[in-house]
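What follows is chain A paired twice: with chain B in the first complex and chain C in the second.
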Partner chain A sequence: MTPHSDFRAAMTWLHNWVGIFIGTVSFAVFWMGTLTVFSYEIDKWMLPETRIELADAPDPDLIFDSIVSSVPNDRVMDVSFRLPTSREPVVNGLLFAERAGFKRVRIDPRTGEQLPERGSRAGTQFIYPMHVTLYLPGNWGWWIVLFASLSMLLLLISGVIIHRKLFTDFFTFRPKRKLRRSSLDLHNVTGAIFLPFHFLIIFSGLVVWAGFYASFPWTLIDQVAKTEVSTTYDLADAYSYYPSEPEPAGTTAEMLPLSFAIARAEAIWTDRYNQTAKADFIAVHNVGDANARIDVHRFFPKNRSEAFRDFIRIDGISGYVVEDREASAVQAVRSWLAGFHHVQFEFWVIRWLYFLGGLAGCVMIGSGFIFWTASRRRKADERDPLKVSFVTAVSIGSTTGLIIATGIFFVINRLLPTEFTFLELSRPAIEMRVFFAVWAITFLHSAVRQNNAWRDQALAIAVISALAIILNWVTTGDHVLVSISEGLWAVAGMDAMLALTALLSANIALQLNSTTDRRSGKERTVSSDSLIGG
Partner chain B sequence: MADLLLLLVAGAFTFIGGSQIALSQSQYSKRVKDEAFAMRSSTLLRWCGVALLCLGFGICIARNGFSFGFILWLLLLVSAFFAIVLVLSFYPKTLKWLLAEWRQSISR
Partner chain C sequence: MSYVHIRAAAAMTYAWIAIIVGGFALTAGASLLAAVGLNQTGLPLADAMNLVSIFGFLFLVFIVMWAFAKHTLRRATLIAASATISVPLAITLAPKVDLF
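Now for the complex of A and B:
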């Protein structure tokens, strides 16, 4: 064996086993990340009260006053909120008050009316955090996602090395060949074609949270020494965007209107970048204090790959600019990568292309699982059946199982009334628990049914998706035609995607069923080999 | 609207360019047209495809600047290539016109 082939064999081993062990986490991160592209649209679908039209010219002072007045007879110190957009027309504000502590407030920006608490974590507060932390206790989720992301980079590189005919087979997908061949083709095609996108999206994800990872040694020292968390993580600070908290003066003073501060900051940016610039996030510190500060942010400029770059701090009493942060070279690079990763572009076509890229990542991981089990099942049936059975169960539970759990998350949202509680659990908490319970059940089902679980779970996805569409119609009256006629594109798009999922899954289930029927005919005389045996 | 139109044009260039690169390989051109392809023609076809990809890239950069245009082009590129894979797998004959036009111009 030559050193060259030794190296390739080592890379193949690495690719197979790292892929199997990290596949579950990677698929979850990719799947949730893909859905996060449309997290605000999912919010609109799951929270029907947010299906409102965007206020023509939202008044930031009206929004601010409404948030402050949500805690009467209390002293509000800090307020922050994102200005409404067509994707997020309802204002989700956060305040910190002396007695109430931190409190989330939802405001209708057209009237300043306070909306009831959200009855679901939906896209922005469940699917997105799941993408980042997997909802594991402590910081475990962050570190596991970091490990999975680094492993994915390794898998992408080793995948290129072990692919013998990368360029020759670049466009090759043979769906009519045996499952083992067609799944490998699909794995190769999605892996090779989307390689630059997947590499960049994973790398940029690592960069986005690098501040957190960089601060780890200091937080660890703090935990070991049982001191308070340090505020001066030199490396993290140099890299970070977030400004320091101003100290209150302790004397009251009348604040200037927020609209003035916002107009001032926008004028500075417009002049600097030579194009109209709009603020999108406001944070007010030391409300009503002589040392009040208004932070005006431009988190996500329209159709520019930038994030968390522009920030101007204005004295809330005099209106002077206290701080105008110019990004350092490191921050500018980070800003570009963060902008690439966060997908907050105004141009909707790009979001669909990201969605496609994310789905391709899911297909790449899923087809890798299928190929692994398909290529080993026959041999392993005789030698090591437990290993293949275990990987089969994990593969199915990780992929179709997660999709089922997501579908059930949507269905349960439409089934339960907003104020529903059970054993002191609120509806958002119940939704989350049902999600994880269903996901766990799919693993058990996969372990019992083995390869037949592919068909069962594909059928389940079809039924659940169709049910979600019907429930949305019944509970809100917004079926696809109504949604389109009223310009509720987010709701119509979500229903359309669910319908597409239902059709595709039903088709796959039918095909798998006919394959099983054919195979079971042979099995009577030949063997008890399973559906996927190739 | 102008953004969408330019995106469509850039997407079309990327798809056609990618298809030409794919069809410059005999294993794919045979699926589209059941005859062999001369080496010189396939090389020219490949470079023509590369030129169209560059043109798509140029449109994205010219309209949106490098930092955003690059992202746009990258997404168009991978999506178009994946679309080509699907077309070549399920409906290869739909790309016949591309090869026919090309062969015609070569023979002239």
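Now for the complex of A and C:
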């Protein structure tokens, strides 16, 4: 291995190769994370039946009864649900019953009516899990995202070290210079301006899942050495501040109303923090049992960067508070980091800044790819063309290709009828398979078309985005003006972002087209000259 | 492909595996040992685990940077050796605080 003459040269080498090696996964995690900022809004766009008004005073007991009655003639043991919010007005409940096992139930909280099964995994059940696990089987996705996140931290720190003029980079962007220069400028500008945000968002993501990640080495030791050191959940439990689930007593008893337990917990928090505190998540253990417990959570306070901090367990029969722990200093730090990462507080300006920061991360990774290939293409054309061609194909497929696949995910959602099935595949499964198939095709297309694929795929993004807007209008009747007039800001915002994407992509495609025309014109002139001359 | 190329590729592969896998194992072992130690001084287990995890990720990143900065092969071997010591030590001590 070549010894590096100085630290900065070593870090440059590390930055280049780790970046190229992990760029595809990092882009996917960043892109899906950026969309997750608006996952509930994407849900509203993709699932038109959820475009309902928020219930004035949602009745938790009505919601609870509706969830329990969704499995008649079965013994329900556990129920959990998030109380409706303006971003998620429909209740997505989860129950565990003796015969039915785990079952998801959707409830309209205004009437308690059960809604049909989701026709799409949409934002919260596809885009968010894709951000966390890439939808890979087993623990592979977790491993890969962990590796990508650690690599991104490494890239950020090594990036700071290798830049001689970090603060000058804030203001240096020369789009009209050669591609090699302008792509590096863009990489530096997006990296430097959003450096604190990128560092914190990656670091907090690691801390959020620390319990799960930390157990990996021990489960790996178990598998390799055939020992029984630990299971994933043993160690993950050690990170948890929540008490374990209570055992059932085995005798039936009349439960108190959930509204009573919620009011009790909210009163305790309001007193503790000297401000109104609202519960947002309820979990009921041992339903109808003498040892029933009602866990009242305040996962995400609306006015603070905080998550998973406030929790009170109440005896479901007597109403006594069984568990109420004030957060320790370490828990408060962890809670702040988790709140920062999950961005569930209700400040829309900050939410848009997160979105912008996420997009900047995508641009940083994409421009890094472009710089790498642009700075090697000329030399590589003579020496090692295959290496640069491969990286070019991977760069395009993993950036614009992923955006195309996301666009197709939206389009196919609006095209397929609600009850559509194909070869025993449900509608959500078809949407997901189309997403992955289209993504794979974009890699093939990039491999064949090489640098021209940038233009082709930019054009495809423009067309697909425009098509998604039109299809939303045709299938739901909610075009932008209707959405705004009816107060459907999530739908209007999604359409507006799609329109912006279409315009930007069309503009990029046109610019790339004129660059290609100029270049091919030059090549024609050169070849004619050489013919005349020679 | 010459002998020099093969030797370089083998060294590079060894270095990457030793640094990444060894670094991860070393961090896991060292973190667990630190958590056990903190717990023994009276810090609740969940606090100890979360506290060391916050620093553990940074520790791993700096290990990788340190290893690639200079004398990579020597440092990779040192990381792998440290992991080999810290992991069994952590497995031995962790049951004392009911971790496994």
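Operating definition for what follows: the second predicted complex is superposed on the first by the 494 of 534 C-alpha atoms of A that agree within 3 Å, B and C clash if a C-alpha of one lies under 4 Å from a C-alpha of the other, contacts with A are read in each partner's own complex, and residues count from 1 in each chain.
Methods note: a residue touches a chain if its C-beta (ideal position, glycine included) is under 8 Å from a C-beta of that chain, and two chains touch if they have at least 3 such contacts.
Quick caveat, the model's predicted, so the values are computed rather than measured.
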Exercise for review: Name the contact category of A:Ala10: first (chain B only), second (chain C only), both, or neither.
Suggested key: second
Check your understanding: Which partner does A:Ser328 contact after superposing on A: first (chain B), second (chain C), both, neither?
Key -> second
Exercise for review: Scan A:Gly211 for contacts with chain B and chain C and give back first, second, both or neither.
Suggested key: second
Practice item. Considering only touches as defined above, state whether A:Phe203 meets chain B (first), chain C (second), both or neither. Key: second
Study note, to complete from the structure: Between chain B and chain C, the one with more contact residues on chain A is chain C
Check your understanding: A:Phe171 contacts which: chain B (first), chain C (second), both, neither?
Key -> first
Review point. Given the touch rule stated above, what does A:Leu154 touch, chain B (first), chain C (second), both, or neither?
Key: second
Review point. Can you list the residues of chain A that touch chain B in one structure and chain C in the other?
Key: none
Revision key, fill the gap. Note: in the complex, chain C contacts chain A through residues 8, 11-12, 15, 20, 24-25, 28-29, 31, 43-47, 49-51, 53-54, 56-58, 60-61, 64-65, 68-73, 87, 91, 99-100
**Study point:** Residues of chain A that touch chain C when the two form their complex
**Key:** 1, 3-4, 7, 10-11, 13-14, 147, 150, 153-154, 157-158, 203, 206-207, 210-211, 214, 216-218, 221, 229-230, 234-235, 238-241, 328-331, 333-334, 337
Practice item. Sort out for me which residues of chain B touch chain A in the complex. Key: 3-4, 7, 22, 25, 27-28, 64-65, 67-68, 71-72, 74-79, 81-82, 84-86, 88-90
Study note, to complete from the structure: Interface with chain B, chain A side, in the complex: residues 168, 170-175, 189-190, 193-194, 196-197, 200, 303-306, 336, 340, 345, 347, 349-350, 353-354, 356-357, 360
